[in-house]
Amino acid sequence: MNLTGTLFVAALGLCLAAAPAAVLTPRRARPLLAGAATTAAGLAGAAAGVTALSGQGWSARLDGVLPLAGVRLDLDPLGAMFVAVTGAVAVCAAVYGVAYARHGLDGRVAQATPPLFVASMLLVPAAASVSTLLVAWELMALTSLLLVLAEHRRRAAVGEAALWYAVMTHLGFAAILAGLAGFAALAGGETFEQLRAAGLPPGARDAVFLATLAGFASKAGIVPLHVWLARAHPEAPSQVSALMSAAMVNMGVYGILRVGLDLLHGGPAWWWLLVLGAGALSALFGILQAAVASDLKRLLGHSTTENMGLVLIGVGAAGFLASGGDSMLAALALAAALLHVVNHSAFKTLLFLAAGSVLHATGTRDLDALGGLRARMPCTTALFAVGALAASALPPGNGFVSEWLLLQSLIHALPTSGVAGAVTMPLAVGVIALSAGLAIATFVKAFGVGFLARPRTPGAERASESPPAMIGGMALAAASCVILALAPATVLPGLSRLAASLVPGSGHPPGPVPVSGEVTLRLTGYEGTISPLLIAVALAIAVIGLLGAVRLFASRRARRAARLWDCGAGPMSPRMEYTATSFAEPLQRVFDDVLEPESDLDVTPTKESAYLVESVRFRARIPDRIERRLYDPVLAAAGALGRAATGLANGSVHRYLAYGFYALTAVLVALAVIW
Amino acid sequence: MTGLIGAVSQVVLVAVGSPLLAGLMRQVRARLEGRAGAGVAQPWRDLRKLARKEPITPHGTGWVFRLAPLVLAGTVLVVAAVVPLVTTLSPMDGVADLFAVTALLALGSVALALGGLDTGTAFGGMGASREVTVMALVEPTILLSVFALSVRVGSTNLGAIVTSAVHDPLEVISPVSLLAAVALAVVTIAETGRIPVDNPSTHLELTMIHEAMILEYSGPDLALIEWASAMRLSVLLGLLASLFAPWGIATAGAGLAAVVLGMAALVIKVAALGVLLAAGEVFMAKLRLFRIPELLAGSFMLALLAVAASFFLA
Amino acid sequence: MTDSVYVPLLDLACGAFLLTGVLVLWRRDLAAIVRLFAVQGADLGALVIVLGLHKGSAELMIAGVAVGGLRAGLLPCLMRRALMAGGEGRETKPLVNVAGSLLVAAVLAMVAYAVSQPLVRLTPTPATQAVPVALTVLLVGFFVLVTRRRALSQVVGFLLMDNAITATAFLTTSGVPMVVELGVSLDILLAVLVLQVLTTRMRAAFGGTDLDELRELRD
Amino acid sequence: MIGLWRKIRKTGRVAEPAPERADGEVVPRAAELGGSVQIRHVDAGSCNGCEVEIASAFGPVYDAERYGARLVASPRHADALLVTGPVTRNMEVALRRSHEAVPEPRLVVALGDCARDCGAFAGAYGVVGAVKDVVPVDVEVPGCPPPPEAIVEALRGLTGR
């Protein structure tokens, strides 16, 4: 076994050992033990991913573990990248979780499940056969479902969220199962090698791709299969939210890449236009919902949908360009998408952990009730600011680099990609731009309203800084954000090599990498350079220089603290502050026709006169329009069907047994007739 | 070497000249209104006075409030250094990308919006909310116009785009260029908070966008913000001039004389654009806040048409 | 006329033609819409004259002057008179809001460009390359017809479509025969006259030309 | 648009030529401002007579802006408070806080007879006193209401132009 294998097995072993250990140890030591083991496992996993990505692959075959099929593992570069990301996210979440567990999350299940969840997410990208993938996938679904349910005794919403999640994830699983099982049946074998070698008829390829796309896209929270995401991610404990939103959704992208590009070797242009379209829709819809959300964790959940949408735009563009034979640009788009996966994982981990700290300190995640945390939680505020900068894709944040690469790939694609590309690419650029703009608005709102200004409720007033372990977890994530932002070259060579090798038709050995350069990134074959470090340095020099100039030439008078300008009336109560809802109101009005917000106004007049008002009550909510149009009718129909079927069940045991008897007989008769 | 000198001269020119541009625009406006006007140098007098005044930190504000003016001015200075105004030879090639430039300008707006939110006053929040709303809607137009301009050149590097326009002057009156120019002009107006999107000289808080965010700033902080806004306007006007009227810009291989010529050309072009903008403002009323999206949707459409034209008419 | 002058001029005329068509969607003021229509008529005339100059065909130039005169002078004049006679001067609440309409127009333009590619490839001259512009205006006109409430804006939508058809004809084949063109123009004139009479009568009878209110007439 | 342009052409310049400024009347504390004075107007209980005159002082005919004076929206941006009217009970605190909100160096101009010595409202039950009873006053402009020329003259005393 080589280094990669040793590390990977160590990671899995640590996870699997941590679970029973957490069950057996006493409550006080439990979080520390589980956390330490998961951290070590995450480190080992990340290291295994990195070594595998840098060329040292590893594969294994364990026949005895699963009956009939056996377990097959293979850490090729594609899987390795996702293993590395999962490991890194797990480290941050596990360090954070040591302290976060202190309020009510140190139960046996809550502590034993996260290592298993991490193990399943390490296994999914490493799986090299259909059955291994499906088992790992199902393990991932079950463990995450358990974790979503961790706080179900405290909040009623958890149950509903878990129900949505359970249904959607299993429908997704069914789709993947159908797709991959069909694929394996047609290919005559279930290992990925056999699938790769199989030549399927076009219709079957389409069916396999569409079925798996639906399943994987639902895991990535792609519109219109996103309804569970914004429910389940916020309701889980925060470090689990981070794991789900930063690592688990990536598995959807992994699946699409694995099946679409690797196993099926790319496909017709319409597949990828479909992926691109779904990505564009998700990006816009997700960020629009986030822009008007006032629940901090829900906002982050919607933002996950947006970022997965952006990734899929890149993936779709890559597939589309590859189908047109432009493998260099395709590799560029794919490298941009992969870099965005990494970036998103880094900043979303950070943001969810910071949101957890806020929840922990104030007892609420409603932005309308927060504020003033800058003075009370200075570290968390600064770390959240780093994440928000990255998420709004502004320099010097890491999100900017990947969006820049994505835009470059789309722009250079225009002259070569025919009429379909000429219509698609500008619209995709428009979508990315609008979602970037709305992301700025969203995160200005999240940071400005949630952390700045003055506290809006007593809960926010009483907030205090989180314990060191939680800050440590966040700081790790923030450090990776900063590294990715200033020196993307730390990961980009590996990702671009992976992208170049993954693009169908690139041949062996794969073509040159699409992006190169240490400090200044350069596109290969196209003109385009960006230097994130230079931007940051120039900005820092300008700001420091200005500060010096101001000190030198201005302000001979000392800075004075004074009351806020309250128009002389004062004092300004927190109720006069702008809230998240009021902040988003102009955007909500602009996108009125898309969002269809609901509001109702109850005016209770006094008894004496109809013209004197005793109380006014205003309620506004912004329902998920897609859910309303798409899911509600289906649910209503299912409910109606259920009610109609109640006549069949009258409580008599005889009757139920009789149904069984009838069914058995009917099957036998049918068999007799057919044979 | 010429590139470095050019970049330094750009920054100096923008830093010194932009308050004069603001003064010129106010003067034009005053003359059209039948006034005498305060003179072109008045903004500099204002800045000098503000710099001498006492800075005030309102209760309840923190480092975000203090940092915002610096970041705002810092981003504009960086942009002024890399945008091809006087010369296309930027020493910072890795920053002179249209996406990077627009993102940097957006970063400045975000800093100011956060500064406004940090005060916790209703007006600060209101201004910030409106600012980011307008910014979010402006973004697609900017990026699509960039797209349209970059197709011909095959690069989003500003130096490359302007160089190609210098070598091929007839490109400037192509439909692509004209449509993108109109779209970018609308965007410039929205980004710099001029009429009809925002009224820079309003006293009514309810109609404010930019002003509402800076109501709490005083002294040198305010001076920085005012200076940065003026620089932003001149940089964007200069960029517009460079993209669509790139005459006189020093290109590769040019000597010092070309840099001087470029500076003179820049002053003339930006002054002309400023006069045009100020004169146009006299004829227009500010749009209602909720009609601004229509204006921006219109500019988005023009930008999209520019991209389409760049491909289909090629 | 040399190509280096002809192509920019043609592009300019087409650009203005497109721009005025799209701006019709933006303005709410009916008088402004009529004005825009007049400008578009002038653009169309200019376009035909440019084509004529390029081909050196006097007939085309005369047709250009005639087309321009009819569409920039006579029709707007009639519409302005109808506007004067009637009360409402504004398109108050279109079925699709203005920002939405503009975005739709953008998408329509892309569609028009995409579908007219085979046509352009047939004879790739500068003139045929401008056909997508005419097609866009056609779609925009149709869109105006569908989404605007006032009868006058609908007339403008209809006339935009007609302008677009004329432009397409001139751009692809350098003009339908003079007689046909004049006949069509006269038809249009007649239609507008009838519409004008009708709107005046309707206003006298019902006090408004909001089409959703007119629908009640059927019930 | 063309109509407006014609109007502008026809009207031309309406600002009256700047009168010679009486020398030696620059307020010493204003010297530091160097020809730029931002003014925040505070109505402490005025009858709005003075406001009308302020409006015309800043209108095109007198054009106080040409001397470097400008009205601003926030006392934080201001160098001088322009107070009109006798200080009423409800405005006393507000005036004091406005004054406090102005960064140093700050000046106060009491505009009109009411602001100087309560004018016709002296001794009224809702009046606290003149402006100088509440905040230190640097310049006083007499008149009920003071004519725009006097207002402009006082502002030029601040800007020194």
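Just so it is clear, A, B, C and D label the chains in written order, and each chain counts residues from 1 on its own.
Definition applied: contacts are C-beta pairs under 8 Å (C-beta built on N, C-alpha and C of every residue); 3 or more make two chains touch, one makes a residue touch a chain.
As the structure is a computational prediction, the values presented were derived from the model and not from experiment.
Participant: Between A-B and B-D, which chain pair shares more contacting C-beta pairs?
Facilitator: Ranking A-B and B-D by C-beta contacts puts A-B first.
Participant: Please tell me the distance, in whole Å, between the geometric centres of subunit A and subunit B computed from their C-alpha atoms.
Facilitator: 36
Participant: How many Å are there between the centre of subunit C and the centre of subunit D, using C-alpha atoms for each centre?
Facilitator: That gives a centre separation of 56 Å.
Participant: From the mean C-alpha coordinate of subunit B to that of subunit D, what's the distance rounded to whole Å?
Facilitator: 33
Participant: Rounded to the nearest whole Å, what is the centre-to-centre distance of subunit A and subunit D, using the mean of the C-alpha atoms as each centre?
Facilitator: Result: the chain centres lie 59 Å from each other.
Participant: Multi-chain contacts in subunit C: which residues touch at least two other chains?
Facilitator: Expected reply: 97, 99-100, 110, 113, 117.
Participant: Where does subunit A touch two or more other chains at once, residue-wise?
Facilitator: Correct list: 422, 426-427, 557, 560, 562-563, 565-566, 590.
Participant: Can you pull out the residues of subunit D that are in contact with at least two other chains?
Facilitator: If we look for residues of subunit D contacting two or more partner chains, we find 74, 76, 101, 103-104.
Participant: Can you work out from the touch definition every pair of chains that touches here?
Facilitator: Every pair of chains in contact is listed here: A-B, A-C, A-D, B-C, B-D.
Participant: What part of subunit D is in contact with subunit A in the complex they form?
Facilitator: Within the complex, subunit D contacts subunit A at residues 74-76, 91, 93-98, 100-101, 103-104.
Participant: Help me check something: in the complex, which residues belonging to subunit A touch subunit B?
Facilitator: Subunit A reaches subunit B through residues 291, 371-372, 374-375, 392-395, 400, 404, 407-408, 411-412, 414-415, 422, 426-427, 429-430, 432-434, 436-438, 440-441, 444-445, 447-449, 452-454, 519-521, 526-531, 534-535, 538-539, 542-543, 545-547, 550, 553-566, 572, 574, 576-578, 582-587, 589-590.
Participant: Per the contact definition, I'd like the list of subunit C residues that touch subunit A in the complex.
Facilitator: Residues in contact with subunit A: 97, 99-100, 107, 110-111, 113-114, 117.
Participant: Taking the complex as given, what residues does subunit A use to touch subunit D?
Facilitator: Contacts found on subunit A: 557, 560, 562-563, 565-570.
Participant: Any idea which subunit B residues touch subunit C in the complex?
Facilitator: 170, 173-175, 178-179, 291, 293-294, 296-298, 300-301, 304-305, 308, 311-313
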